[in-house]
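The two complexes that follow have chain A in common; it is paired with chain B in the first and with chain C in the second.
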Partner chain A sequence: MKLAGYTLKFEKKENFTGVEAAVISVLAILFALFLVGIIFLQAGVDPAMGYYEIFSYAFLNPFGLPLTINRAIFLLLCTCAFIVPMRAGLWNIGMAGQLYLGALSAFAVAFAFGARSDAELPAGVVLPLMVLGSAVGGAAAGAIPGLLKGKFNTNEIVVTMMLNFIMFWLVSHMIKEGGPFMGSGGEGEGYRLPASLQPQPNLGVPFTFWFAIGLTVLLHVLFAKTRIGYQIRAFGLNPAAARYAGVSPFKISLLVFILGGLIAGLAGYHYFGTVPGLFKIPKNYGDFGDLAFYGIICGLISQGNPLAAIPLAFLFGGLTSGGRFVQGKLQLGFGIDYAMLGVLMIILVAFQFFFRYRIVLKKDKER
Partner chain B sequence: MTSFYPVKCPHRRQGSVIEWLIPMTAEIKHGDIVLEARGITKRYPGLVANDNIDFEIRAGEIHAILGENGAGKTTLMSILFGLVRADEGEIHVFGKKVNFRSPLDAIDLGIGMVHQSRKLISAHSVLENILLGHPQAGSILNFKKAAEEVGHLCDRYGYKLDLNARVWHLSEGEKQMVEILKALYRGAKILIMDEPTSALAPPETKKLLKTIQIMTRDELAIVPFITHKLPIVLSISQRVTVLRRGKVVARLNTADVTEQRLAVEMVGREVIFELERDVVEKGKPILQVENLSAHDEKGIHSVKDISFSVHEGEIFGIAGVSGNGQQTLAEVLAGLRKAAGGRVLLDGLDVTQTSSLDRWKKGIGYIPSEQRAVGSIGDFSLVENMLMSYYYDDAFSKWGFIDFQKTRRFTEELIAEYGVATPNADVNARNLSGGNLQKLILARVLSRKPRLIIANLPTQGLDVGAMEFVQNKLLEARKSGAGILLISEDLDEVMALSDRVAPMYEGEFMGILPGETADRETVGAWMAGLKQKAVEQ
Partner chain C sequence: MWEFWVRSLNASTIFTVAALGEIIGQRAGILNVGVEGVMLFGATISFMVAKTTGSYLLGFLAGIAVGALIGLLHAFFSITLGGDQVVNGMGIWILGFGLTAYIGYPFTGPLGLPRIPTIAGLSPFFIFSVLLAVLMWFFLFKTNMGLKLRSVGENPSVAEVSGINVARTRYLSVIFSGMLMGLAGSIYALDYNPVWNYNFLMGWGFIALALVFFAMWNPLILLGGSILFGVLWQVSLNPEALLPNVFSRYIWRTFPFVITIAVLVMMSTRWFSSRWGAAKPEALGLPYEKD
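And then the complex of A and B:
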């Protein structure tokens, strides 16, 4: 492009550092907020005020902040569940189904210990088993596409997607009329965990927060340092070369889906088992399945880097809660929160162009 | 002479940079300058691919452009064909300055390109491929007229080709003919050929050279770009421009140069053509293959009942044109493909059913033919690429954690030992040139000190310097007692290196000849399947 004696060019970069990526992402967020500001102006709202309301509710408000944190944990786990297969070049679209089965398994453990009666339960035993149950349940849901992919090279996207529906209706079957996990109110909800199985937040965060952060760091180490992480990455970047190097496609496919499913299962336990005021599988559990899809977006934006997923999960967690709040408070049109998220995602992805290219302005030579 | 097919096309797009019609029917006299490049410069970040290149091409001339990998041939070719724009410099075609915006501009001006990787639609017929993209084809195809006209072209240049045959039925040489015909039918007066003989069997090469000679009589200018195969350069071209590191280092008349001289110009130093083959005592058999059969990925029975053995200190060469089952055979031996029948014994132990990883651990080293698709991972650093053969080695990891520092030191040592040209070990493999990447793969495989090395086209696409290096490394391994299975399309290479040679044709060995007594003609004929025909007749 020529501009008054200067030439504007895109030059390809060899590499980019983490700092560069962070700066570019922050710029992308600012740019996206600027664009959404135009929507605010259209709606007759001062953008500064709109953003103040969103962010203060999401990150400062005593009601908004816990909501943000709980959503962020959920999103972070879902993102990790997506990232693990993604690093092996496989697409996990089944976080929803995996988290449903994880949640069902956790509640099944409690159920087995007699949680539907009001008996005092040994939380020290049952709670860890519930967590374990959710992990196993999620892993089992993940093992199905993993096995099919590894053994028969079945398209994992289709399998995980279809399993979402199966698991969705399985939850319905279990918690709605006549289901074994039906709540006492008969409102189409699951039963409520007894008080002894309701872990209370510590320092304002549920214990699953530490789980999620710990897992993320572990994943980072797994990919960066370990033999198995190396094999996953090799398989993801070039399956033929990985096979030549002796990596078994079957083992890797199965492993990443089991691991991804396991993490998604924990997300299910987190939201239905530790969020104050819930402690049950609610009627609108499908909404959480939808929320899980943001894990795909976060995973793609973070380019498979688990550490980068942490701030992203908090950003998206905050914007979903704050956006919905501001929509009600400022009486904006329906869907403005989704519009904001949509613009943000597109801009974040679009700005990744600058990870690989830099803009160079060159003065034209005198001729 | 007048052209067969005046092509009127530049008016197709309004506002085209080409505002004139090529005087297609105007006389181009022998020796007229048809294409001239002046001061072509192209820079990429950290690299000057073409540095002030000048040359001119005349009608009726075969003007070879010779250069090692990375000498800037591909860039130059892309600039001439309009795929890439030069930063500086001018191109003149038929005396007019041009400014290519895309290959279409180049084609409209009468420049044709015969790609190394064929750009044909394999499910379509020959005629359909030739017509594809032809401006006069229009929306309703007149196959009859086209067939007639293409038939004239075939007759003129002595091509025997069934125009209705599907392209996937054709041999590599025939596919190349189709590409040439396509360019000619489109009105090409200047034909750029990228490595024209790289995929051809010796008889096909001969045929190609003959037709090229006929074509020059029609005042076509032919510009083959060649990496190695210096004899080809000498036998066909009248002039040769040698590139080295982006610069023109020599413009020569081929009549007064020798192969040695060309190699010196190209590499910048003396190249020893005679490889030093020490006498090595042949030891006990390492690899024994018994009645092996296998299918390729299309399910075609491409390895048929093959038996042979490779001994310690021996290079067993398989000569053949690509696609005769060598790839399948190599993959089966490497454990990457299942055998349909027969046995593979390593040191007397049956390994037919074992995984590749097992075989690597037992001492097989495999150099795959596809460096970038299989042999390396482009987005991995050199350190991580080195790990491909070492991640499973307990010396490089503890408790499942890889010792990256140790791997890095090890990689740096090998980079130095093998002379891989790279700024450091953290560069992604994608950024290495073909020769350097092959050196890295070789370093990785050979450093494990394998007892059996399967080298599948180890010097394919390498320049003379890198080729010599790879061949010497294989000879070194042979000297230290390894058995080597060398699969190659390059007859000279197989003949120079092998202790025994097996020409392979359509999934079978045509015979196994001792290296000392085998002669080029026999091996060349056998790998083209001529032996079989002789028997049938």
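And then the complex of A and C:
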């Protein structure tokens, strides 16, 4: 393309630096938020005011901030669940199903200890087992696509998506219409954990916060320092070459999906088991499955870097909690957080281009 | 019983039309995993237009048009920008999922138009879908243009050398593929179940995607697969007709999804692929750059 004596060219690039990646990502987010601003305008809301309301509710408001933190932990776990298979070149879009099964398993543990009666339970024993249960449940849901991918090379996108629906209905079966986990109100909700199994937030954050941060750091170490992390990355970059180097595709597929599912399972326990006011599988549990798709966005923006996912999880935790709030306050239509999800995703996809090409502006030679 | 079969065939119509769209795109070498997203767009826009104008025709046209537009977007990302087609498809799906939840929300509820006339309960679109499948098969395997289209999906460099414009063929295929997916969404929203709710497709697009693998990229096998899944879907909605009081109705709803996984696994075993696996377009999912 020629512009006023300059030539604009796209040149293919083989790699990009961390700074370049960060700049492209920030630009993509800003551009997407600009487009969502147009949605605000179209709904008759001043975008500047809309964003001011969103961010001030999400990060400054005493009611909004805990909500943001809880969502951020949830998103961070979902992002890590997406990132681990992504580093091996595989798509885990089954975070929703994995977190449903994780939550069901955690509640099954409590159920086995008799949590439906209001008995005093030994929290020191039951809570760790619930956390463990959610991890095992999530890992089991993750093991299915991992096993099928590793053994039969079955398309993991379709399998994880199918499992999302299967687990969605399984939760309904358990909590609705006489299901074993049905709450006493009979309103299609799960039973509520007894007071002894309701961990209270410490310094405003639930204990799962430290879990999530710890896991993120561990993942970073796994990828950066360990042999298996190196094998995962090698497999993701070039499966054929990795196979010649002795990396087993079966082992890698199974491992990354079990690990991803395990982390997503914890996200299920985190939201339904530790957030004050919930402590049950709510009627609208499907909303949290939808929220888990933000994990794909965080994962793509962070380019698979777990540490970069931490600030992103807070940003999107805030945007979604604030988005829900302004919806009511400014009388926007339902689902501004869903619209944001869609716009962010497609802009990110468009901006992938800049990871592969650089724009070169050259002054034409004087003739 | 008639009622059950007719509902099954009507459901199969949507799988057939959407999967035919995916087949033509994949035959030209472009994978679109965002079928569900395009269908959600087609369904929502056609529903909004039909409800506002009161005209079915305008509704369907709008659904097809928005499908074409999304197809164009996918083509631009995948052909011109040469990005990873799975990433692009995911983008299309989440865009459809998110944006239609927002724009369609004020239209939540029934359509409120007289139902499209049926033939003893059978939707006229079923007949249309059968004809379309046969036509598509004829086009792909019996015409010169179909051969060109398939060669683009098998080996684009060779196709280019033999004088076929790869980019143009792929663009046209992907746009047409989007139109069919948009139409499939419109048939769902205007004919099969004319009640709008957010994300109401609940996986139909992903099943259509799986059906393409199941059908080995052949429109006629697809027709059989769609009818099978239409029946499964109806069984899962009304299990009483088949096996009363075995599972809760929620467990029955998992039925088509479980079968999809089982079928996909069977398809991907070495036993199966060594016998039938050659059908997969060779260049599927690979970006092509002219040298």
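What we mean here is this: the second predicted complex is superposed on the first by the 282 of 367 C-alpha atoms of A that agree within 3 Å, B and C clash if a C-alpha of one lies under 4 Å from a C-alpha of the other, contacts with A are read in each partner's own complex, and residues count from 1 in each chain.
Criterion: a contact is a pair of C-beta atoms (placed from the backbone, for glycine too) under 8 Å apart; a residue touches a chain by one contact, two chains touch by 3 or more.
Because the structure is predicted, anything quoted here is derived from the model rather than measured.
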A:Y338 touches, of chain B and chain C: first, second, both or neither? second
Which of chain B and chain C A:F59 touches, first, second, both or neither: neither
Which superposed partner A:K176 touches (first chain B, second chain C, both, neither): second
Partner chain(s) touched by A:F31 [first = chain B, second = chain C, both, neither]: neither
Partner chain in contact with A:Y244 - chain B first, chain C second, else both or neither: first
First, second, both or neither for A:E11, with chain B first and chain C second: first
Chain A residues touched by each partner, larger count belonging to chain B or chain C: C
A:F111 touches, of chain B and chain C: first, second, both or neither? neither
Touching partner for A:Y230 - first (chain B), second (chain C), both, neither: first
Chain A positions touched by chain B in one structure and by chain C in the second: none
Footprint of chain B on chain A - complex, ascending: 11-12, 14-15, 225-228, 230-231, 233-234, 237-238, 240-246, 248
Of chain C, residues touching chain A in the complex: 33, 73, 77, 81-84, 86-88, 90-92, 94-99, 101-103, 105-106, 198-199, 202-203, 206, 209-210, 213, 248, 250-251, 253-254, 257-258, 260-261, 264-265, 267-270
For the chain A and chain C complex, residues of the former touching the latter: 39, 91, 93, 144, 148, 152-155, 157-159, 161-166, 169-170, 172-173, 176-177, 179, 290, 293, 296-297, 300, 333-336, 338-343, 345-346, 348-350, 352-353, 356
Contacting residues of chain B [partner chain A, same complex]: 45, 334, 336, 355-357, 360, 366, 368, 370, 373-380, 384, 387-389, 391-392, 397, 400-402, 404, 427-428, 431
